[in-house]
Amino acid sequence: MKALWARRNLVNVIAFTVVLAALGAVDIFRPFGLSFSALTGRVVTLDTMIRIGILTIVVVGLNLLMGYAGQVSLGQAGFYALGAYFSGILSTLATRHTILPGITGLWWWPWLMIVVSMILTGGFAYLVGKPILRLKGNYLAMATLGLGVIIHILAGQFPDITGGYDGLTGVPRLSIGSFTLWPMQRYYFLVWGAAIAVIVISLSLVDSRIGRALRAVHTSEVAAEASGVDAEQYKVQALVLSAIFASLAGSLYAHFQGAVSPSPFSFRASVELVVMAAVGGLASTWGAPFGVGLIYVVRDLLKSQLERLLNVRSGEYELIVYGIILVSIMIFMPEGLTASSVQFMQGRRRRHGNIEPQRVQSNGTVEDLGQ
Amino acid sequence: MRQFFRGKIGKIVLATGLVFAAIALCVWLGSRQRLLPQHYVQLTLDGMRGGSIYALMALGFVVVYRVTGVINFAQGEFVMLGAMLCLTIHKLPLPLPPALKLIVAIIAAIVLATLIGAAVERLTIHPARRSPPVTLTIITVGVTITLRAGALLAWGADPYVLPAFSTLALEDHIFRFGSVILQAQTLWIWGTLIVVLVLLYFFLEHTIMGKALRACAVNQRGAQLVGINPGRMSMLSFALAAALGAIGGIVLGPVTRPIYDMGLMLGLKGFVAAIMGGLVSVPGAVVGGLLLGVTENLAAGVTNPTYKSVFAFVILIAILLFRPQGILGGTGQATEEVK
Amino acid sequence: MSIRSKILAIVTLLAIVGLDVTACNSGTSQETGQGVTYKIGFNSSATGASASLGLPEAKTAEMIQKQINDQGGITGPDGVKHDVKIVIYDDESVADNAVSNVTRLIQEDEAVAVVSTTGSGTTIAHIPVCEENETPCISMASAQPITVNADTGETYRWMFKTPQTNGHAGEWQAAYLKATGVSSVCILYTDDGYGKDCLANFKATAEAAGLEIVYEGAYATSDTEFSAQIAQVQASGCQAVEVGSTPPVASLATVAVHTALPEIPITLGHGVCNQAFIDTAGAAANGTVFPCGKITVLDQVADSDPQKTVLQKYIDDYTAFTNGEPISTFGGHAWDAVEMTLNALESLNDGMSLEEQRTAVRDYLENQIQGWPGIGGVFTMSPADHNGLTKESLLFVTVEDGRWVAFPESEW
Amino acid sequence: MPPILEVKNLRKEFGGLMAVFDVSFDVQPGEIVAIIGPNGAGKTTIFNLLSGVLPPTRGDIRFDGQSLIGLKPHVITGLGLARTFQSVQLFGNMTVMENVMVGCHQQATYGLIDAAFRLPHARREEHHIRERALAQLAHVGLESHAEEPALSLPFGRQRLLEIARALATVPHLLLLDEAGSGLNHSEKAELEQLIRVIRAGGVTVLLVEHDIPFVMSLADHIIVLDYGQKIAEGTPDQVQADERVIAAYLGQEA
């Protein structure tokens, strides 16, 4: 049985990789003058696709934490911000102040700093995780919310270090030796390579002793502990891992954007990450890229289509419709859009990892949040 | 020693000690900012004004949370709607004397906001009532986005003016006690908080509807068994929360300049106040709101006001970690594990 | 298998929508001119935190598009007519969206030049996109690092901006305070990009003028209580207060200062040059002084001023286009940016490649915008100055009985 | 032989209410011991104290000679004390098999990083866990349902699954909390048979039970609680003859 599941994962990963690689290759080789965005009818550009990849990394981590371990985080943008800022600061400031001259200009320095950022963010998550994860449900959500808001506010302070509200500029492009991972077409492969690696790690984890422990903690902490699972330790591990993923995404973001400012890391961003995870389907690793993608596509579609249909400047209407769509998805497909549509297509066939999702969620989350 | 601090007297001693330590720290930091006694009075008074608004918001959170288990993120938008609707109705060319016109506008705004609150529940929460609270909470985020964008569409991005209740003009009466300043609107805000509390008490204790609401908050299944419709109560709780929010927005209106996005930060702060009060208690919400307002303002005054909002969220996390049951006590449920 | 059906579903969805969009696009672009259609990218913050600035900017862009359509496009020096399409996006005041939009405008829409965006932080985020793609970008925000690389001190090659800067405002404020005999000042500012920029510029000019800054206090855009800042202002004993904010919080801070210290002089930045400030600050606005773009105080501008006719026309056009919405200085920044670009496009001969067009527009902006009267001032760009304005682009005013009144140096 | 479990003067207060009041008893290895008593007698509270879910107000619990006071539940499980719950607490988001595999948690050692990168040592251990889990399922007769969602099982089977999960932790002492409640007659007989098999396998069993006839035929030794206090102890015959028991419990039932 196990071999069969592993093979199915493998097939999925390969299919996913091939499709993405093919899409990326189109933009490089431009057969018949086709570009990536032309393939999607100019709805999704390569820029958007890279952003989807970056956020997929965050959402996969959030899914481990929320969907599997059942620990709600409304401050995930904070960890994402830490990654972006650590990477941005460490890769520019040292150069700017000529600390370690000669080394900071080398191609591997930013890569090293990405790893350092992941360690720093993970360490931070570990320190705050111990006390904060004692909280449950709504209370945990609010503590993480507070943490995220604090990080966001502080990011706008200390202009000498963070660049203040205008942000940091001059974050270098990444390169391997003399091969620069830019223009975007090259960066696309790096980002999606990382995203797929994170998805593979998540799939492996979910199917392992660790994944089972997390899922057990989600449903019933008491029963998990009675089965020998150290709930506290695994909750902290899940938080640290999700923070490390968020940090990696933040670093990739910083080197993609070339600049880091506080605005993408607001409370709204944290909420949006949760929405993406929920839309994709909690407790579904594959839901992450589709949840993120759908939110982006829906928003871009609204932007272009509303203007055409209503013949108005779409800003406010777009947000109104976006809000309504969000509410509708949550009302009519609470287990996530991808799960719902797949269920619809496959009839009521049961799938691994997300068995009877409705029941899973009402069982797990009601208890956690509803007390 | 540890036993002592766990006992009732020990806790009181500990709390008193902490309060005195906080005051001492405050005075020491204040002296470095060269603050004079009247400054502390001013900071406290203004903190209580802001705190009263937080308290009204916190009450809205508590009412909805108790009945439905949902953290209603749209609470801040109800405040915005209250203020915006009120000033819009007030600007209509009604053939009424100014004072009466304001009163009509206030009542109409509260009624409209209440209806919007009920409609929000019917349209979004009710159809999803079987979903877990986290889903419902996300739904309220969607509602927030929609309401705020709707407000931007309706009112644009410019700030507006709601006249002060005492003067019916932009400029308010100001009472000066030495260099301490008290605006008449501050008194209106405090008075409103008291009146709202009395009405709320009367409603919850002495009306059938209020009793049903309380029953539903204590035990939903039990309430259902005695014939209370939890769906109706859920709608009622949203309507009540919207009314509380709108009242907060209306009395706050004259001291701020209402704008379409005013609900965002107010909502978060009101939420912090609700948490300080334990999220389930009405008196807790009021004390939490006032305490948050005063602490935040004093802390900003004696240190760097840039970090005012940071203080609020640090308080949030500290309360959650050390006193998840809220400052007034009771049994905690935040870390409770055993079912 | 679930994942493959997911991919299939999404690809199908995109394909359907995509066909729809492309079909429509080809349907709407009817080419009336003989030459290629020029595209100008336009991105502002029509929603989100900077909406009150970005909305009039977007409306101004729409207005100009309508005017060009009515004229039937523009004509190059070779006599070839070109349609101009202004592609308008909204970045919702978020830096990420600004970068995405500008990237899309440059790479997908193939805009010759891009006007973007409302905020300083959001503009700074997309600088690398403009520089790497070698496309001229004109910002409607004013911070120093938009046109000058903070690390090297060099002017960016492709970045321009149209607003008067807080540096220009700071020069006025410092000169005024100095002239009225003030020696110590408190600064109150919003804890956001605009406020921080006000602080930095005011500090620099005030200290250069020999004023002592005795207190700096910040507040959030959403704050309604200022007792903490006021207490510290009182404790510091300064002789004047500078408020670096935009309404509504600028009004609230002004009212708070005025209530606690009725006699103290208050100076503000040019972020309060809109009717909203006077409307929301009420009597507390009387007696405050600040520099303003001339558009906001047109009746105070002398008829001999080279900007006068441009200003009058913009105001009339905008009022007619929007059915009487209030004029804002930010719409003016958009007008300057788009009109400058149009001027540059009018200098192009037909048959250039996109890269050549972009370079030509850039060169035109840098070298040919000389003594160019716009809304924000009379622009004179140079390789070292991609803003082209001076302190004289602002008019110093005071408020009397709820009205702006010019307050020239002779009356200080 | 020394007792496997020694409980001495165990007390638990809930805000002034004595849920368990100075209860002492021993459990000898290889025995089936039952704790009985009317509702609210403190039976489940004792289980929660033994398994570390609640800290006792005072008193001592020794398991294999080691004090359990202050130890976390998962550590206690690791020492060889497993339990089930009065209201079945299965992991609803997992299959039957995975539920039991969670029970095998401490039988493996590989960690996050091994799992993330599917290192060989993790795969080996995983394989091992799978075999063990399958064996436990066979033990309770659920091997044919291994890949079904846990909550799709009928209630009686869910009880068995919970026992299998507890057995997967390789306990020396198994605490069964009202394992028979909600089961029909034949299921109860099956359960009784299973408990005997478990004991035959060398595992000591401590049950909390409501169903007196069930206990009387099964237990070697019975402890009777009332209002948090131990009122009687002995063999089924001794307990049945005890005046206080009849007064407090049996009398009340009738």
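Going by the order they are written in, the chains are A, B, C and D; count residues from 1 in each one.
We take it that a residue touches a chain if its C-beta (ideal position, glycine included) is under 8 Å from a C-beta of that chain, and two chains touch if they have at least 3 such contacts.
These figures come from a predicted structure and were not determined experimentally.
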item	value
Number of hops, chain A to chain C, where each hop joins two touching chains	1
Longest centre-to-centre distance from chain C, chain (CA-based)	D
Chain occupying the most central position, where position means C-alpha average	A
Centre-to-centre distance between chain D and chain B (centres being mean Cα positions), rounded to whole Å	48
Centroid spacing, where centroids are CA-atom means, of chain B and chain C in whole angstrom	36
Between chain D and chain A, distance of the C-alpha-averaged centres to the nearest whole Å	41
CA centroid of chain C to CA centroid of chain D, Å	71
Chain A residues counted as touching two or more neighbouring chains	222, 315-316, 318-319, 364
Numbers and ranges of chain D residues touching at least 2 other chains	53
In chain B, residues with contacts to at least two other chains	149, 152, 306, 309, 337-339
Residue ranges of chain C in contact with chain A within the complex	1-7, 9-10, 13-15, 17-22, 24-25, 46-47, 51, 55, 58-59, 62, 88-90, 92-96, 99-100, 103-104, 107-108, 120-122, 124-125, 127-128, 132, 143, 145, 149-151, 191-193, 196-197
Touching residues on chain A, where the partner in the complex is chain C	8, 11-12, 15-16, 19, 37, 39-48, 51, 96, 156, 159, 164-167, 169-170, 182-184, 257-259, 261-264, 286, 290, 293-294, 297, 301, 303-305, 308, 313-316, 318-319, 338, 341-342, 345-346, 351
Partner chain D, residues of chain A touching it in the complex	1-2, 201, 204-205, 208-213, 215-216, 218-220, 222-231, 237, 241, 283, 350, 355-356, 359-360, 363-364
Residues of chain C that touch chain B when the two form their complex	47, 49, 51-52, 55, 191, 217-220, 222-225, 227-232, 234-236, 247-248, 251-252, 259-260, 276, 279-280, 282-284, 326
Complex interface listing, chain A residues touching chain B	72, 131-132, 134-139, 141-143, 145-147, 149-150, 153-154, 157, 221-222, 267, 271, 274-275, 278, 315-320, 322-324, 326-327, 330-331, 334, 361-362, 364-367, 369-371
